[in-house]
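Shared chain: chain A. Partners: chain B in the first complex, chain C in the second.
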Partner chain A sequence: MSASTRSSRGLASPWLALPAVAFLLVLFVLPIGSFLVGSVLDPDFTLRNFQRLEASRAFWIVLQNTIRISVTVTLVCFLVGYPMALRIATLRPAIAAAILLVVVLSVWISLLVRNYAWMVLLGREGIVSSALVALGYAAERRSLLYNEFSVVLAMTHVLLPFMVIPVVAALRAIDPALVRAGASLGAGAGTVVRRVVFPLSLPGVATGTVLVFVLALGFYVTPAVLGGRGQMMLAMMMESEVNEQLAWGYAGAHAAVLLVVTLLIFTAYNRRFGVDRLWGGHGK
Partner chain B sequence: MEAKDRKDRREFLKATAGATALTVTSGLGLPARAQQKTLVFNDSGGASAEAGKLAYGDPFKAETGVEVKITAPAVVSKLKAMVQAKSVEWDVAELVSQEHRLAIREGLIQKLDKGIVNTAGLVPGSFDDYSVVFAYYSTAMGYNREKFADDAKRPKSWAEFWDVQKFPGRRALRNHPVDNLEFALQADGVPKDKIYPIDLDRAFKSLDRIKKHVAVWWKDGAQPAQMLLDGEVDFTSGWHGRFYALAQKGEKRIGCEWTGGMVKASWAGVPVGAPNPAEAMKFIAMMIRPQNSAKYAEGISYISGEPKAFDLLPAQTKEWVVTNPAVMSRMVVANEDWWLDNLATAQQRWNDWIAV
Partner chain C sequence: MNLTLPHYKSVTGGWTGAALNVVTVLGVLFLLLPIVVVLVISFSADPYLRFPPSGFSLRWYRNFFFEDPTWLAAAGRSFVVATATAVLSLALGTAAAMPLARHRFPGKGGIEALLLAPLIVSPMITAIALYGLFSTVKLVGTTAALVLSHAILALPYAVMNVSVSARALDERLELAARGLGAGPATVFRRVTLPLLLPGILAGALFAFLASFDEVVVALFLSGLEPTLQKRMWDDIRLEISPTVAAASTLLVAISVLCFVGGALAASAADRRARAPARAAAP
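Then we have the complex of A and B:
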């Protein structure tokens, strides 16, 4: 990087970042900050909310559910989304754009509608259960709803675009010459993907996994509508505290613990995979 | 006869609406802003909002010229946030069951102007200094009629709902202590008049018996009726207006068993700092007027504590209204005081119980 570009960047960047910083400050840092501060004030400093939380058996179970489901959804999104992104990135631009549009289109449909659609498909008298009986795989119709399977499936459906889009972007940024070079040096298609394409697409994978995981942590409607007792997630618990009991401080304590746990997981993930280095190195 | 009355009323409303339109047009010389007053009524949304528009919103505009905007959902937390921020958007707020006590205790709603809101004709318990009941509703047992062609095979009380040997079938209950603890006690043999104060230990012990036989713990008010229609469950607790709304549309498959159900109340009050308190009082006065309350009940089967409103109902709707003595006598009236004092404890215990 030459000296002139560095100095021009240095001049421009603080001002360019201003709207974003102001936006985050007013709409993100302030409300979340005051919510979190509220968890230790009532009206004087107190740790009562956190003591109550520590003693609540339900909280720890629900926190486990939240993390377990979010990790599963992230993994499934990666396993389904990566091959999909690989295919999209190698298609002709017009077809790729059409397929990407279909992927994005699902984001435009109301979450509630997408969740209720699964209820229709997976219900006791739904098409899946009927098909299993008709094909002889099941003796009688049974519901496939209200368990971990239906929650993970519906959440993957909702969150898949957040994995596919950054991965496609990262794959497209790879210089095709590198792929050709790998092939010309005798690597088969599988080896090229494993040793050239995949490592170079890691920034997109990192973005996708973090996005999907963080969004999954806050899910409310899907586990509430498609889950059973074992799929209760933190947002459901906090909703009842905020909306019904007006116990905002207590709900704030939940949020604080979730935030800390998320940051711990992110730090561990970063140590292991060097996410910030990947992002920083993604200068193309 | 009743149909004719209704028709007459419609004609009358049309005439008054025409007259109002005339006055409004003749006043066109005034600055437009003076006429743009809008009253905001916040309710539970969905079928309630549809009924509310026809029964209150449109007639109020016809009578006063004030536009009515109906918003949702009815959550006391938003009311609290607005009052604290001194930026209240609602003129009239629906407060569901124990939440209305909570709103009074937290100082979120103002006293009614009894000069405007005449509570003299209302049944005792359906009004206080701050609010009036505009919608008695209930949580009752819905079932799929098709599955129970033989009526003897379906549970007809909560004790029978709990009896999984004698009444096989897929069951659903609400994922919440409200609408469950009273059923659990009845299932354990507690007589209706001995339910309050609720013995939490006994209620949860009873719930332990049914826990693993419950296929679905519903969270969303639309779920019970939907699950019955989809064949997902055979019987479930649910808010009866949802069953009524479908029956009104000609859906024959859903039945409603009242025995042991919970009668509850939706209250209307004026938030502290409401933008249009004078109009809000007039609006509440209208909500408990017999004609308007009856009109609301025709839409959603929820009614005020005004006996004359009940008398105006078509026979078919009367069967679905909980202030009907034949219905009410089979049910339990929710004790809002108990819930106000014990909701937090019950909720905590419920969360611990349901998650394990």
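Then we have the complex of A and C:
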């Protein structure tokens, strides 16, 4: 008996995870580590890059842009995503599954394709500009691209599923008896949602908010393609430091700031809700 | 027709319900319509992006497939990279999923966090770090560098999907095979692997897609022969020709195929997970 138990252990021995772990350590942790360490070594220890960062007006503006855009996107995702999730979670399973399929599928459509779609829609010859002219709201066709509106819109388009999916999961975990009890005690629909359903769905809201906000902080493609000068974000700044200025150490300082903020958010989230909530289920 | 779960009738009636319906319909349209617009415009006859188009043609597909060879070359490169990425991440991910799905052990939480980290860390940080690494070993522009990098991002999907199958796997089947005299390698090949197949298939399709649709790492690492995403990026930054719409339509088609295939395989794996008794029956 003990021999067979051991052999079954052999088929699922923890050591089987070693290749994947070693792979990530060598190709993910190590390169990022050396990128970050490069920001304080030149070749000896120095805080020059961080002093430069602190004194740079451009950095503070870009940091402000990054946070402002990420907060706006997170807020819009919540305002649109929560009602969507509530409706999906209260639908009969077949219809709910169909809508959820669309939401999850959209995550798997290329990010670049989805951003390109907004270029087509909001461009000078796009349908929005045509409609504004046709309805008399604008005298002539003009591009609605390269501003905060187009960036927030496209980022919301990309990140909305990351709010909807965890909130649906949280709503589905609510005991139906509590909802029925609230209603039978005379609470109206709005009160039941506000006093019973919403508080119980908070873990899902937290997961969605953290995911959307953290992913937004690191965005590159959307602000680069659809944004203007005022939408320069941290990832874009890093890219230009490396590719145009060849200032690796300075780029590393930016990366350190971004990573520290990300880490702080996740630590706070982990304290309160546990990161393993993010793990589990399949697909994205 | 009643669409609402019985116990939620009180919530989704009246004005609250009406508002929820409106937001949900608009939200789904918001997610879908831009993609539909790209599909439509890829068949446009206009020489520039205009919606709605003044006429329809296949000229942008002709351009993609026959006139500008750089598009097919880029698609070919992406296909090779994504296939190799799927194989590599599945090899690493299947092994890792076995203990992660079936047992508790010290350090498990740390491993799970490590596997998820590449999806959370800004792709720009990952891309620059990998660019630094592969510059020092003079591998920038090679297929190997792209595959190794994409495998980092594909690995979580491989592990997640195989885990679903691995959790469903009845260990008694493996024990029975061992008891009947099969060696560990034979048990894995003849018992474990076939039972993991739905999860492996789902993982492979999602891993393929994760690589095929990846942009930022490819910007830094694809060198002189761009991947399809890099080729589209170059086009979008310079001229925004409708050929990008044709390429996008093909990408959407590949996404839908992989997603549907992956979702079917994943739900097969999930069904097995819910009915372990049947799998164990003789």
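Operating definition for what follows: the second predicted complex is superposed on the first by the 222 of 284 C-alpha atoms of A that agree within 3 Å, B and C clash if a C-alpha of one lies under 4 Å from a C-alpha of the other, contacts with A are read in each partner's own complex, and residues count from 1 in each chain.
In the analysis below, a residue touches a chain if its C-beta (ideal position, glycine included) is under 8 Å from a C-beta of that chain, and two chains touch if they have at least 3 such contacts.
All values reported here derive from a predicted model rather than from experimental measurement.
Student: Looking at chain A, does chain B or chain C touch a larger number of its residues?
Tutor: With both complexes superposed on chain A, more residues of chain A are touched by C.
Student: Contact-wise, after the overlay, does A:M119 reach chain B, chain C, both or neither (first, second, both, neither)?
Tutor: both
Student: Could you say whether A:V242 touches chain B, chain C, both of them, or neither, answering first, second, both or neither?
Tutor: both
Student: Where does A:T267 make contact in the superposed view: on chain B (first), on chain C (second), on both, or on neither?
Tutor: neither
Student: State whether A:T46 touches chain B only (first), chain C only (second), both chains, or neither.
Tutor: So A:T46 meets neither chain B nor chain C here.
Student: Can A:V225 be said to touch chain B (first), chain C (second), both, or neither?
Tutor: Both: A:V225 reaches chain B and chain C.
Student: Counting only touches as set out at the top, which of chain B and chain C does A:Y146 meet: first, second, both, neither?
Tutor: first
Student: Answer with first, second, both or neither: which of chain B and chain C does A:V62 touch in the superposed model?
Tutor: first
Student: What residues on chain A does chain C touch that chain B touches too?
Tutor: 116, 119-120, 123, 125-126, 225, 242, 248
Student: Enumerate the contact residues on chain A facing chain C in the complex.
Tutor: Touch list, chain A to chain C: 4, 7-17, 19-21, 23-25, 27-32, 34-35, 38, 80-81, 83-84, 86-92, 95, 99, 101-106, 108-121, 123, 125-127, 130, 157, 160-161, 164, 176-177, 179-180, 182-183, 188-190, 192-193, 197, 214-215, 217-221, 225, 234-235, 238-239, 242, 248, 251, 255, 258-259, 262, 266, 275-276, 278-284.
Student: Quick one: in the complex, what on chain B touches chain A?
Tutor: 75-77, 80, 99, 102, 106, 170, 175-176, 215-217, 219-220, 223, 226, 230-232, 343-344, 347-348, 351-352, 354-356
Student: Could you list, by residue number, the parts of chain A that touch chain B in their complex?
Tutor: 56-58, 61-62, 65, 116, 119-120, 123-126, 143, 145-146, 224-225, 228-229, 232, 236-237, 240, 242-248
Student: Which bits of chain C are touching chain A when the two form their complex?
Tutor: On the chain C side, the touching residues are 2-5, 7-8, 10-17, 19-21, 23-24, 27-28, 30-32, 34-35, 37-38, 41, 48-52, 91-93, 95-96, 98-103, 105, 107-109, 111-118, 120-126, 128-133, 148-149, 151-152, 155, 157, 159-161, 163-164, 166, 171, 174-175, 178-179, 184, 187-188, 192, 202, 206, 209, 212-213, 215-216, 229, 232-233, 236-237, 240, 244-245, 248, 251-252, 255-256, 258-259, 262-263, 266, 269-270.
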